[in-house]
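One structure is given here, and the rest of the page talks about it.
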Amino acid sequence: MDNFLFFLTSGLCIGAVYALIALGYTLVYGIIKLINFAHGEFYMIGAYAGFGIYLVLPSGTSPIVSIPLIIVSSGIAGMIIAVLTEQVAYKPIRKSGRLAALLTAIGVSFLLQNLASFINKANPLQYSAESTGSIGELCQRSVAIGGSGIKIIQFIFIPVTIILTLILWHIVMRTKFGRAMRAVSQDPDAAALMGINIDSVIRRTFLLGGVMAGIAGALIGFQSVIEPMMGFMPGLKAFIAAVVGGIGSIPGAVLGGFIIGIIENMVIWAGIPTGYKDVAAFIVLIIVLLIRPQGILGSNLREKV
Amino acid sequence: MSWYEFHSVLGSIGILAILALSLNVICGMTGLLQLGQAGFFAIGAYAAGLSSIYLTFPELGMLNFVISASVAMIAAGIFSIILGIPCLRLKGDYLAIVTLGFGEIVRLILINLNFSGGKMYPGEKIGGATGIKFTEFPGDIWPKYPDYSAEFAKWWFIWILVAVIFILLINIKRSSFGRAMMCIREDEIAAQAMGINLSKYKLMAFLLSAVIAGFAGALFFHKELAVTPGKFNLLCSIEILLMIVLGGLGSFSGAICGAIILGMTPYLLRHVEVFGYRIGEHQQLIYALLLIVLIRLSPNGIFGMNEVPAWLKIFFKGKKQIPKNETA
Amino acid sequence: MKPLDSIQKEFKQFFAEGICKSFGGLKAVDNFSMELDTGEIVGLIGPNGAGKTTVFNLITGMETPDYGKFYFQRNFITGMAPHDISELGIARTFQNIRLLDYLSVIDNIKIAYHKHISYNLLHASLRFPKFHSVEREITGKSFEFLELFGLEDSAYELASSLPYGKRRKLELARALATEASLLLLDEPAAGLNPRETTELTELIRKLRNDFHVSILLIEHDMSLVMNLCERVIVLNFGKIIAQGSPSEVKNNQDVIEAYLGTGKKKNVS
């Protein structure tokens, strides 16, 4: 029973990260019905960018300054790569059909993974490895919860996620841009006829998604290693989280993220070997798609005959 | 490249061709986006491997291949039904993700699963991340069991199988079954209105595609005499998809063409250098770029949806007609 | 064809009773009831959005009604799967033409015969004689249908290469080839010029006479409706507002208001 608290906390923390990534997926899918396979790579690039900034900062910088700085720069990096990808890769094939879009997304994903491998050839990067800086030390400190150590830095995951979700919610529900987003997601042609600039809306949606993913990357970077393939699994799981919660729904994405995070850890707590941890998310996906395909908080969309 | 290596490569490309043909059944002909074909390939390979360990009878000699290939196909078939039934009501992107998930689940389970050694490795555990290898046999069992494998590695045998499977599939395409599956690809709603039972034909597509992929897996095992789980990953599934997209989604001739081109490329590029970078090392990067560029420039691939006779006619005579025996 | 006596009502070919269907909060079809006898040509008209296509979707099993029942040839078909309903003998065409563009014209027709295949996958893949004889038969029958509609010259062209008028014909031919006894035609004259529309009217009447099919059609082209339909049902906001012979309905005040608000009667096409 001791262990339970540890795994629950772990689950909540990783769930928060999944939630952030899932938000990006759900936003983009809601707008252009594209599963942005490369979204996990935006997360990865955010992590690298954050680390890059960290290397540039003077070594005595207090964590109170450096951590927000890293988070912000990761967000900016995620934003840049997302918008770049959309403009260069996705926009030209927008009319070419779903298969083309999916394959292009997969191509971009591979491309980014390989570029990162190219740059980061040797060992994975780690904050805690740099024990000279204050962040390095901070990232190594942990506190015992439920019998095992939870890294202290993880405690900022949930608040960051909640803050960002609230900001996103405000943008989508209360601003003119948010209204435009919702219009495009319901009926792009009608929205265009109403004078909404579709290209701009799509671009800015990718921007928001990219920021979320980048920041998620920074957060995870604090807690574990940064390496080129780090975006693949979390990207898939976050997509599963978005589907489970209801694709197109912001609270759904957050809910889904936490659900996947917790279930993953519960599976380990229940004694199933850790190698099978990743399988849990896929099983959840299949079950949800069988029982309630629109997700927990999602709404049913039908094809017009 | 030595002759031995050359023949080995030809054999590998043949297996890729069979995989491409299998994926074309479900993606090209029926229009269901399936990103987990590596999973069925893996199931077939492992089933053949395990069958070679537990179910091999020295008296039977070459027939042991029939046994292991059958086991591989049956195993792949069973899993295809298990995967197919939930997938029946999924559309497009969701189907892609679930099948991708399936491929990943298979890989993850195979990495973690250990099998008992059976007759060959008494008391030992095999499997796991290192997979199954025949070369680790204790000496006195080695000559008797997998002797037939050396013959099956001959590339011409594999290519004969490619031709046979190709002909069988073309016959299916030009029959009522093929028509029904292509109808599902073109317009599911129209298909329903014409009385086509979507579930029946979709499952048929899943089954056929998986069984052929499983067979390819069995061939692969007997050729390489070793399997490791790491090889059957998403990149593998994507490679196969790339082959049929290159050749033309819907065309079996295109599938073989795509497999040949994509299969040969790493070896051809191995000795090419651009700006001091050996291209062969960056295969994944090339594939990624290729995928993106290909989709932009030529979404229909080389053959489009046609098979060789029609394509020849269109290419040389510029006709928009399909020859009489070409239609289903 | 004379409609049967009302005492023998239970032998009519098709019934709809109290069909209701809502999408979200919107009642698309409200208490829709009708009967149709073998060989009748009935028109279903109404302003856009009145729920006509939804009725078709409900009959063919694409949607399931919230309330109500459908009977076809004494079978209770409500809730059956679309392919089973098609097997019983109901075929439909689509407003937006759903042809199989990347298949040849003749393949589009051949699909209609997929239920009558007596060979299996084994026969097909190995090309047993059974396969060849069945395929020959199907090709023969398909050509007959193509000739009926004047499409036999384009048999081996891609369906996407046909001009619009021929595409409409192919859509109709395909539905007929399923050997249905009830055809649901969704705006068969949409996009046709007056000459083509007259041709279509004659064609439909001929089909009804030669093949003994009943026809329920949705149309906006009033000339076709007036000339062809023996009975007309008018729908507005999902409800039936009028039923009767074409001339009765034409002069019905509610119908006129539904289409035009108040004011002069015009030809709505």
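List of remarks:
Just so it is clear, A, B and C label the chains in written order, and each chain counts residues from 1 on its own.
Methods note: a contact is a pair of C-beta atoms (placed from the backbone, for glycine too) under 8 Å apart; a residue touches a chain by one contact, two chains touch by 3 or more.
All of these numbers come straight from a predicted model, not from anything done at the bench.
The most central chain, judged by the distance from its Cα centroid to the centroid of all protein Cα atoms shown, is B.
Using the average of C-alpha coordinates as each chain's centre, C ends up farthest from chain B. Between chain B and chain C the centroid-to-centroid distance comes to 43 Å (mean Cα coordinates, whole Å). Per-chain Cα centroids separate chain A from chain C by 49 Å. If you average the CA atoms of chain A and of chain B, the two centres end up 33 Å from each other. Residue positions 189 of chain B each touch two or more of the other chains. Residue positions 62, 94 of chain C each touch two or more of the other chains.
Each of residues 305 in chain A touches at least two other chains. Residues of chain C that touch chain B in their complex: 60-62, 81-83, 86-87, 91-92, 94, 98-104, 106-107, 110-115, 117, 119, 121, 124-127, 131, 135, 138, 156-158, 161, 174-175, 178. Interface residues of chain A facing chain B in the complex, by the touch rule stated above, are 29, 33-35, 89, 92-93, 96-100, 102-104, 106-111, 113-115, 118, 232, 236, 239-240, 243, 273, 275-276, 278-279, 282-283, 285-286, 289-290, 293, 303, 305. Residue ranges on chain B touching chain A, taken from their complex, read 33, 86, 89-90, 92-94, 96-98, 100-102, 104-105, 108-109, 111-112, 189, 234-235, 238, 241, 245, 249, 282, 284-285, 287-292, 295-296, 299. Those residues of chain B whose C-beta lies close enough to touch chain C in the complex are 168-169, 171-172, 175-177, 179-180, 182-183, 186-187, 189-198, 204, 250, 305, 320-324, 327-328.
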